[in-house]
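Below, each structure is written out as structure tokens.
Okay, so subunit A shows up in both of these, paired with subunit B first and subunit C after.
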Partner chain A sequence: MSWENYMPYIYAIFAPFALALFGIIYGLVLKGFDRKLAAHMQWRVGPPLRQPFYDVLKLFEKENIVPKNAVPWIFNSAPIISMGALILALLYLPIGPFNPVLGNYGDLIVLLYILALPGLAMMLGGFSSSSPYSAVGAQREFIMILSYEFPLAIIIFTFAWKYSILYPNLKAFSLLTFVEHPLWQNVGILGFIGLLILLITMLVVTTGEVGRMPFDIADAGTEISGGALLEYTGKNLGLFYLADAVKIVVMGTLIITFFFPYNLSSLLLHYFSLPHYAWLTIDFLFYLLKLFIISFVVVTVMRVAFPRFRVDQVVKFYWGYATLASLIALSLIVLDTVGGV
Partner chain B sequence: MVDMDKKVMARKMGRLIRSIWIFNWFNSCGVTELLPVVASIYDMERFGLIVVDNPKHADVLIVGGYQTEKSIKRVIRIYNQMPEPKAVMALGSCTITGGMYWDSYNTIKRLSDYIPVTIYVPGCPPRPEAVFQAVGMIFEHVNQLKKEVKGK
Partner chain C sequence: MIHIETSSGYWYPIIMLIAFIISWLIAYLIWRRGEKSYKKNTEEDDVFFAGNPPPQGELAHIKGNNLGWGFVEALDGFYNGMKRMHNGIINDYVGWFIGILAFVLIIIILWGGAI
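What follows is the complex of A and B.
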């Protein structure tokens, strides 16, 4: 066997590590930008951009306390499950110009289940840590999962339905199909409005999914002092901190895959001629820029602009307004398709 | 062997001082001048200092102002809940000598009789500059430690 025969195996072994490293580092960089920009919006100077890295290094130096009444194996495995699920989700997502590592082995439905795992892990950790505040936080986390999953599912199924009509020969739930055929050109004016509504709903769902300010009822600092994360210290808290950073990368990539799967190379290919790896680099940098803009809108602006909702308001928001908006968008796209055909 | 310990210590301390998470415990005026430290003019987040919500995530416990016989029990409990390595910063004259409550029957006179205090910040109440001076002294101490390690 020649050396090339081993390439798929080498790729399969090293790609997850590379992706995990990319997710962690870029997630922390995005977190740094988030804190710096939020500080500037509040007329402060803010921490240096490296601050999240310093935080993680410090958390890994601290003592790791497991409460006396906790269930140690669940308590300690919760941050690992959370981190692992997010890295697994990254394997199913197309990162800029690169195709997903596990693109042929799973589709959006698998991804939808994987995306529920970090929240469930946080819930397990909260319930197993024997603190009443953590139990309240875990219950709130469960309410959050129940709330935002429904609009997210409607968005995903709207896309899948539209693709199954447009391209009957392709896999409707495959992310590769989404990337290769952006939906914006293939819809009329009604469908365009529907897609815009879906985009806004998706942005709001993402803010809930990453658990940031208007929807951070699960770890509301001033109400239940940290919620499910309350009993976590040291390494475990550091892992949850990293998972929080990777979550933004995962959800941002999902938005890019759905709504902005455009690459610069396909636009500029007619004007320049560059080698293949140069185009890959340009597309990758463009992807990083898109991710940064999404993180800025979804995390920074929302967190500075809005105070925290109450629990009942969050449920009303997602089950009421967000679900209604995504259903209206679905019917608009259906009308567009049926009228157009 | 001693040098090795010092090296590890310097590395650890260097990591710890770059992001200090603070938990505030106060029941009097000792903390009033601490609020501008968090707000936009002094902005302690420049140095990686943020206020966290519970003692289990905190590195530094700030005890502001006098403590009564009752509240000192809670201070000790909070202190015991914090993960190692931890430090205590005591704000105000009341924590040093009892301050203006020196002859009160129910306030404690000196905080370090109850929990190990790392640094006292005097003042009635201490100005934000005093708090930053205290933090700066800690930074200076760690820098000194690093220099000693590098010199050898």
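What follows is the complex of A and C.
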């Protein structure tokens, strides 16, 4: 048996490590840009771009304090569960020109459940810390999960429904279907407006999913001193910090997969002749640029432009406006499809 | 290999479990690289409560009644309506049951084909 026979196994083992490394490094780079650009928008100089890397290194050198009355095994395992779930999510997502590592072994529904885990882990960590502030933060995280999952589910089902009509022979919930058949060119004007509304809703859902202003009620520093993460220090907090960075990459990639799965190579292939690896590099750099723009919109602009909502306002926003918007979008896409058939 | 497959989706739980274990292992390896010591049973591991003695035991936790606060507060119109409907009178519950059963039957009959 030649070494080439072992390649799929080697790939399967090393892909999670490579993806984890990519998610962490690029997530921290995006965090650095976020802090710098937010500072410039507020007429401040801001920290250097590499500040998030320094923060993580420092946190990992600090003492890892576990509160007296905490449940240590839950308290310590919460950041590991959170980070592990996000690395797993990366395995199901297409990264730029590369197909998902586990694309043939799980669909969007699986990914939806995996994406609920980091929030649940943070909630468990908060409840297990024995701090009243953390308990309030954990309760708020629970409310957040209940709030943003509903419009997100409607968005996913709208896409799947449309794909099931357009391509009855393909798996409508498969991310590979999403990447290979972008919806924009398969809808009429009503469907186009519907997709635009879905995009805006998805951006707003992502801001809530990554826990940034105006939806940062779970860690609201000025109200509950950091909420669920209040008692976390050292490597536990460092790992939550890294998980937060990876979450931006995961959610950004999800938006790209839904709405912008285009690669430059497919547009420019007819005009330039380049080797395969050069096109892969160009497409990957294009993906990084798309991620940067999405991160800028859903994290930086949102948190600079809007003040924090109250808890009940967040619920009203997601279950009211965001859900209504996604249902209107669904109706438009259905009308577009029925009219077009 | 064990898997669930429908016309629109698929899931291989064993593959997911293996991938989960590898992902958690990576997270654990990162976590292990950090400092693990701290000064046990000193002021250091007291919880923060703005300088006051923190509440102990169950007082430090959110009661089950309040877990969904915010959600109930935001959707109070719906919840108040539901509370009014759940008045504890068995006749009302049976009335609802018969009413909804009649409604479902009418829908089925109008829809046709099912009967």
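Just so we're on the same page, the second predicted complex is superposed on the first by the 341 of 341 C-alpha atoms of A that agree within 3 Å, B and C clash if a C-alpha of one lies under 4 Å from a C-alpha of the other, contacts with A are read in each partner's own complex, and residues count from 1 in each chain.
Note that in this section a contact is a pair of C-beta atoms (placed from the backbone, for glycine too) under 8 Å apart; a residue touches a chain by one contact, two chains touch by 3 or more.
Given the structure is predicted, the values throughout are model-derived calculations rather than measurements.
Peer 1: Who touches more of subunit A, subunit B or subunit C?
Peer 2: C
Peer 1: Between subunit B and subunit C, whom does A:Tyr321 touch in the aligned arrangement: first, second, both, or neither?
Peer 2: In the superposition, A:Tyr321 touches no partner, neither subunit B nor subunit C.
Peer 1: For A:Leu230, is the partner it touches subunit B (first), subunit C (second), both, or none of the two (neither)?
Peer 2: Both partners.
Peer 1: In the superposed arrangement, does A:Phe306 touch subunit B (first), subunit C (second), both or neither?
Peer 2: In the superposition, A:Phe306 contacts neither subunit B nor subunit C.
Peer 1: Have a look at where A:Trp184 lands relative to subunit B and subunit C in the superposition and call it first, second, both or neither.
Peer 2: neither
Peer 1: Using the superposition on chain A described above, determine whether A:Val45 touches subunit B (first), subunit C (second), both, or neither.
Peer 2: Once the two structures are laid over each other on A, A:Val45 reaches subunit B alone.
Peer 1: Counting only touches as set out at the top, which of subunit B and subunit C does A:Lys62 meet: first, second, both, neither?
Peer 2: both
Peer 1: Based on the superposed arrangement, let me know which partner A:Thr222 touches: subunit B (first), subunit C (second), both, or neither?
Peer 2: Touch partner of A:Thr222: subunit B, not subunit C.
Peer 1: Taking the superposition on A as described, I'd like to know which of subunit B and subunit C A:Tyr11 touches: first, second, both or neither.
Peer 2: neither
Peer 1: Find the residues of subunit A that appear in the contact set with subunit B and again in the contact set with subunit C.
Peer 2: 61-65, 225, 230-231, 233-234
Peer 1: Can you list the subunit A residues touching subunit B in their complex?
Peer 2: Touching subunit B: residues 35, 39, 42-48, 51, 54-55, 57-58, 61-65, 221-222, 225-226, 229-234, 237 of subunit A.
Peer 1: Could you list, by residue number, the parts of subunit A that touch subunit C in their complex?
Peer 2: 13, 16-17, 20, 59-69, 79-85, 87-88, 91, 102, 104-110, 127, 129-136, 138-140, 142-143, 146-147, 160, 164, 171-174, 225, 230-231, 233-236, 238-239, 242, 311-316, 319
Peer 1: For a test of understanding, state which residues of subunit B touch subunit A in their complex under the given definition.
Peer 2: Touching subunit A from subunit B are residues 12, 15-16, 18-19, 40, 43, 45-48, 52-54, 56-57, 59, 83-85.
Peer 1: Which subunit C residues qualify as touching subunit A in the complex?
Peer 2: So the residues of subunit C in touch with subunit A come to 3, 7-12, 15-16, 19-20, 22-24, 26-28, 30-31, 33-39, 41, 44-49, 54-56, 59-62, 66-71, 73-75.
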